[in-house]
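One chain, chain A, links the two complexes that follow: it is found with chain B in the first and with chain C in the second.
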Partner chain A sequence: MNAPIRRLAFVVAAMFCVLLLSTTWIQFVQAKDLADRPGNRRTLLASYSKERGAILVDGKPVAQSLPTKDQLKWIRAYPQGKEYSHVTGYYSFTYGAGGGLESAENELLSGQSDKLFYRRIVDVITGKPPQGATLELTIDAKVQQAAEEALGDQRGAVVALDPTTGAILAMVSKPQYDPNALASHNLTKVSEAWKSLNADKGRPMINRAIAGDLYPPGSTFKLVTAAAALSSGKYSPSSVVPGPRELDLPDTSATLPNFGHEICGPNGRTTLRHALEMSCNSSFGWLGLQLGPDALRSQADKFGFGQTLHVPMRVTPSVVPDELNKPQTAQAAVGQYDVRVTPLQVAMVTAGIANGGTVMSPYLVKDVRSSDLDVIDTAHPQQLSEAVRPGVADQLTSMMEDVVNSGTGRNAQIPGVQVAGKTGTAEHGEGLAAHVWFTGFAPAKNPKIAVAVVVEDGGTLRSEATGSTVSAPIAKKVMEAGLGR
Partner chain B sequence: MDRPGLVWARTDWGLVIAALGLSLIGAVLVWSATRHQLGSALAVRHLINTAIGVVLAAAVTRLDFRGLRAWAPWVYLASLLGLGLVLSPVGSTINGSRSWIELPGGFSVQPSELAKVALCIGLAMILAEGRDRDRPPSHRDVALAWLVAGIPIGLVMLQPDLGSALVLGALALGVIAVSGAPRRWVLGAVGLVAVGITVALTTPLLSAYQRDRLVAFAHPEADPSGIGYQTRQVRIAIGSGGWGGKGLFQGRQTQGGFIPFQQTDFVFSVAGEELGFLGAAGLLLVLGFVVVRALVIAVRTEDAFSRLVAVGVACWLIFQVFENVGMNLGLMPVTGLPLPFVSYGGSSMFACWLAVGLLNNAHLASLRRG
Partner chain C sequence: MSTVTSIPPRTRRNVELALLLLAICIVLVAYVNVGLATSGGSLPPDLLTYGVGLLVITGAFHLVLRWRASYADPLLLPIVTLLNGLGLVMIHRLDIAHSRDISEGLATRQLMWSALSVILAALVIVFLRDHRHLARYTFSMMAAGLVLLLLPLLPLIGSQVNGSNIWIQIGPLSFQPGEVAKILLTIFFAGYLVQTRDALALVGRRVLGLPLPRARDLGPILIAWLASLGVLVFERDLGSSLLFFGLFVSMLYVATERRSWIAIGLILFGGGAYLAYLMFGHVQERVLLWLHPFSDAALKVSDQLVLGLEGMGAGGLFGSGLGRGHPDLTYFAESDFIFPSFAEELGLIGAMALLLLYALLVERGLRTAIGARDGFGKLLATGLSFSVALQCFVVVGGVTRVIPLTGLTMPFLSQGGSSLLANWTIVALLLRISDQARRPAPQAADPGGLGRDDTRVVKTR
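Right after this comes the complex of A and B.
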């Protein structure tokens, strides 16, 4: 009787083989074909039509999903339009989640993040449809608006930080774009908007505050050089340093001239404090040569250079080049040659000095909330590094006060409030107007806000522009808005 | 041997663990398929069904197989009664089939599932009489066997539940073939099935909804919003799984709720989409292992009755797996059959675990030889 069972076993084996083979066939051979079928669009619609979490600033939405009557069920809306475009990014049916938080926190906003696991279990048990988490940002609407208005139509970026926590209070990059144009359900218009944004020479989709091509920091980098000098223990603010009209660079016939070819002190000598106050290139070039490239680089790294941060958007690391010969070292010490920074990094240098030498990790999301606004996760300020000793930070603060009180940064003065800061005017090519900087914090004794402002190609003043004339007034308005916090 | 020891020795632990594994995987897949609509309710009920099934299997395992044989006529008659009741006003119609009896408390039973168990025992009883006297079953025995199989098959067809009727037919065919019945009976039955399918497709014998399903199988585009839509969505789901799948709870087709009856008839597509080829093939291998265990028990058993019971279970399970997975893959027409152990459904779960009990019972008979 075993023979028939054996035959039966063959039949059984054959049936399983057929099933395995056809599973293989569908999952590997036909898979592409099946995925391309129009029927699959239904699944896309389904994933899109789930209610996505909102992004809030001071409790008001800057990105939210509103119900629609069309088949997508929800449309993404950005009530402030362009102002927050680089913070929120866009959420488009055609192009997906991109730029800003829409992309960086897509998993939370769409409700798929592992952080929401327990919340999801509750939803499963209570039978609620899944909803994305809501993000409450660290942005202060008043500071953001001040930055938005002060920068105006000029290309550039503004970043404001709370120096004690690292919370980002404002992040503006210009030019901007209207994310509503990409979130539209009129797919033809979305496609047109996308093409024109990508063709725009001003590259409005780039967030210059944290990414993009990076900027030469110009004289704002003298803060790093000064920090290295004071930390070495060989210099104090009153140390006497050379300050000729131009510094002869070793191994070459080139020189490092001062702005306007001025001399920094009688007999070409000055103090470190005064050199910073009037942004004396020859003094800082000389200091760079004395300290050497390694000391400069290591001081920069302590402020956060070279690190890839996520705020949660990825921040391009700022760089001090690896190989610097002597002339290059002198140029790097005044923020030229191939030193490249993000405005956020410059703000972190200033915020570190403001915070007694401790740099806090910058962050943009204050709370993650469920759809009914229960707090799921709260950001805890974290220390990124100890850039300088508290004593050195105090010395730097006092020198930066002089810059604003009587030096290049006078346009950043706020009546009744002591401001500390530093200007920068970064040449970036023959015949091109300089990128102009200001970075500073206020009040100097009890800092509430630290800012970095960069305006590309001199802004509206073109080649007449300096950090003092263009950027300092912008920084002043942003700091004023942050003082009331 | 004391009684607990007896149960212990009777149990084919490989089989039980495989069946338990399938039931638990089933609970997870059912959860994934229904969590958006119903939360965890069905998954929990699936687990409760599994627990009841295990108890039933343990009870059957403890029965003496001679006792089982004595019970066979009554079990068979009870199943006929159940199938008759379904057709009476007591039965209720779900999805065009009159297959269920509603019980108080929101429960319902599907007698066609339990008829599979009854037919395994009934056929074995009739055909094993011949084997005890060490000769093949007579023509009279085989004719009686076909009659015994034919009545429930006919009743199930009347519901109409084509899938279950096919399973019962395959079960009967396998058992009769293995019993040593004269070859003409087996070939005759195969020929009859062939004629039956031809007739079904060419004459109005089948109900409209059965023919719709068969037509949809051949031309899925014919009815994109009905049954054709379903087969296509299922294949899109399985096709999107790839090698490792989309991840549990991540399948877009499954989570989007695009596949009606996914927790029952199309639970295999959840595995295909979310667990990928590895998961789907793994599921098939475990199902195959259960069938192979049934056949191994059949080969090892000297006792003719136990052997035919084991063969019956093997034929039932393999055909049902083939039909169910086949319709998920578009190989077979959609006939509304659960995947053994894995699909959501109490009656099916109980029937499958009763089958495990029967196999364990036969397992003891195989141990006796040595």
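Right after this comes the complex of A and C.
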């Protein structure tokens, strides 16, 4: 019987080999996937067992971990409450990291990132408790606060960029939420807060500045149409274009009327410069028809439409629809029909013009620092695209100056500083108050700050609102803060 | 003319003692680790008590072996002492995590059961002077084994735990009779096969190149098959079913040396399991949990397997260290899922070490079977060792998704009195058989007569 017993011993060896392999598979090969599974309580507990990196604005924390006496050892705190909710996001024991940098830079904040590998080894050798990396943001606290206060309780968003680098100086989206409510260790309260935030019709957890349902850009899109026209070489700011009270749209009985049904110039003709100043729909609708949908779309793409950016939060791509017939092209040229944008994208258009036609990639994290504040990684400004030639950018700047000096954007004037800008009043449905826009930059020469402001449904003025009355004053305050005034 | 110098086999009891001390040291180091991790840096105050206690219990067993089975295999006792001790440490560690007081904790009960089990094992060694005595009770063993196996199906005392009906509950006492049935049936199989192996091995005809046994010789294997399918279907336990059937088929193969039994066994079990899968919802549920544990449909049924996998993943290569992980997040972390608990805290390295300890244990058992001088002893040692291997495979295979998860305990590690009693008895039987296997054969002849080399006609090994 010894021979079969020996063979059986081989079977036993094979069985144990299978177990060794399956154990290795789980603990070595699959370990990371298992740890990354949403809802893995062990990963969450492990992340609480060490100090998570802080998020700093001008050296002061807007998110930090404070020691507690309870089982989790650390609690996440957001000293500024709601103001930075869409920048930081939240860090919750129950719901994980989400909503902003907490989620987008989780690996750095938790100390798991490969960038910190060397640092971790040093920590192990020197016996220091492991810590996550600290993020220093590009946000300017003064600009952020100005945007926060100027927007007030109105739904909408404000984005401010440094046009020369792409650094995001302010990012506000309203309504907001208090991330402290989700970071609490009182799990019942956290779950109540979570439920009420998700049930809220104002959808406070959505960062309208970069995501959500996107907005129709309205007349701010005329900057793109104008850029396409000037870049084509067939037009200059002084080119004469039609400007009737309403533009007859081809292939349909519909028309494209001007705001207030006004006429843009004597005999229904005007210059391109004046058409932008007065925000003439009929002129830009006509221009759109002359240029065609492909020229509009390709100009928009050069400003960054259609690209998925990470700032490092994912930015929903702005879109010009793929198929446009003639009436739709005319409507798209004035920012209606199915053109959809994020406020960040509108700010990028303006910043591109301000920066001589070069669009810089927007970014939010200036430095990554170790726990003892040594800089591990620094952001380097990167060029995203050449949207227009410098000459065209200069022409557009000069036209936008006129908008602020004598056109629809007069409410954005800052004494002693030349501001360039463009208003927008975007209709988005019968009987609904328009979303109102302003985008601009200052100073017009050597710009320091470019902003985009959108206020949903006319804000407090409801249907009386225009980009000029509601959004331009907000943009003005934000730009003033950016210029140190 | 050559002279034969015979080297008297050595008892190796001192090796056993040294390894035993090493095993106890490892267990105490593990215990200290848990204490340091959970109490914030102070040594557990009862360290000395436990250390001395462990030494007294296993040392006494060692002395019993010196007295009554001095040639027994020297590795078996240290291995199971180490496994049992580590299991105790892990259960103690989970008691702390669940804030169970030491007096009512599971570890204290497990310690009691461990002591009882060692005493029982010592009694087996003392009173069972020759394992062949067991062969006299072949059919009583079968009857008792089948009764125990089917006991959980009785309406009043059977109780369902974790979806399987393999427990009985009498008052406060719960018991997994399958653990004991395993031993009784192994003894029965060994006794029965030793008597019938010639008929099973030699008679029959070849079909498709496979020598098939006669139809009437198929009877016992069919009964075993039906019984194991009954366990699968009515007690809802694939693990026990696989254990009993695999045990029977492997012993049948060893007894008859006919590979056809393995083929027949695999086909019967595979077919039966597939039919059960088609017919019964709970079997389909188990298969779903096995193949797609992360799917929403499976998570609705149970997230137990996923929690165990996440624990093992969290352990990684080196583990969190004893007392520093979160094995308490998994259900049944101290019984069915004790292997993932170790894998989480000791890492892949620790998990492999445990598996290799089991492999070594089984290998020593099979070594004993090869050395045994009688057919019954060979079959019994093979069956007992292979049952340990199969049980490890079913349990660890279940938690690592090699096979569907079932509700068996990990021998020696898992919390549970019936499991400890049964497995220590298995070790006692293996020790008894190995003592006879390694003991020098009694000198039958006088040196001046037939035993002289020049008069030998039959060459013995």
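Everything below uses one rule, namely that the second predicted complex is superposed on the first by the 439 of 485 C-alpha atoms of A that agree within 3 Å, B and C clash if a C-alpha of one lies under 4 Å from a C-alpha of the other, contacts with A are read in each partner's own complex, and residues count from 1 in each chain.
Just so it is clear, contacts are C-beta pairs under 8 Å (C-beta built on N, C-alpha and C of every residue); 3 or more make two chains touch, one makes a residue touch a chain.
Being a predicted model, the structure only gives us computed values, none of them experimental.
Of the two partner chains placed by the overlay, chain B and chain C both lie in contact with A:Q30.
Once chain A of one complex is fitted onto chain A of the other, the partner contacts of A:A254 are absent, as it touches neither chain B nor chain C. Within the superposed three-chain model, A:V18 lies in touch with chain B and with chain C [touch as defined at top]. Applying the stated contact rule after C-alpha superposition, one finds that A:L432 touches neither chain B nor chain C. When the two complexes are overlaid on their common chain A, residue A:L66 makes contact with neither chain B nor chain C.
Looking at the shared chain after the overlay, A:L8 reaches both chain B and chain C.
Note: residues 1-2, 4-6, 8-9, 11-12, 15-16, 18-20, 22-24, 26-28, 30-31, 33-35, 37, 40, 42-43, 46 of chain A belong to the chain B contact set and to the chain C contact set alike, using the contact criterion stated above. The residues of chain A lying in touch with chain B in their complex are 1-2, 4-9, 11-12, 15-16, 18-20, 22-24, 26-28, 30-31, 33-35, 37, 39-40, 42-44, 46-47, 124-127, 129-130. Chain A meets chain C in the complex at residues 1-6, 8-9, 11-13, 15-16, 18-20, 22-28, 30-35, 37, 40-43, 45-46. Interface residues of chain C facing chain A in the complex, by the touch rule stated above, are 250, 253-255, 257, 294, 306, 309-317, 325-326, 329, 343-344, 347-348, 351-352, 355-356, 358-359, 362-363, 366, 369-370, 375, 378-379, 382, 385-386, 389-390, 392-393, 396-397, 400-402. Across the complex, chain A is touched by residues 35-36, 38-40, 131, 174, 177-178, 180, 224, 229, 232-233, 235-236, 238-243, 252-253, 255-258, 272, 276-277, 280-281, 284, 288, 291-292, 295, 298-299, 304, 307, 311, 314-315, 318, 321-322, 325-326, 329-331 of chain B.
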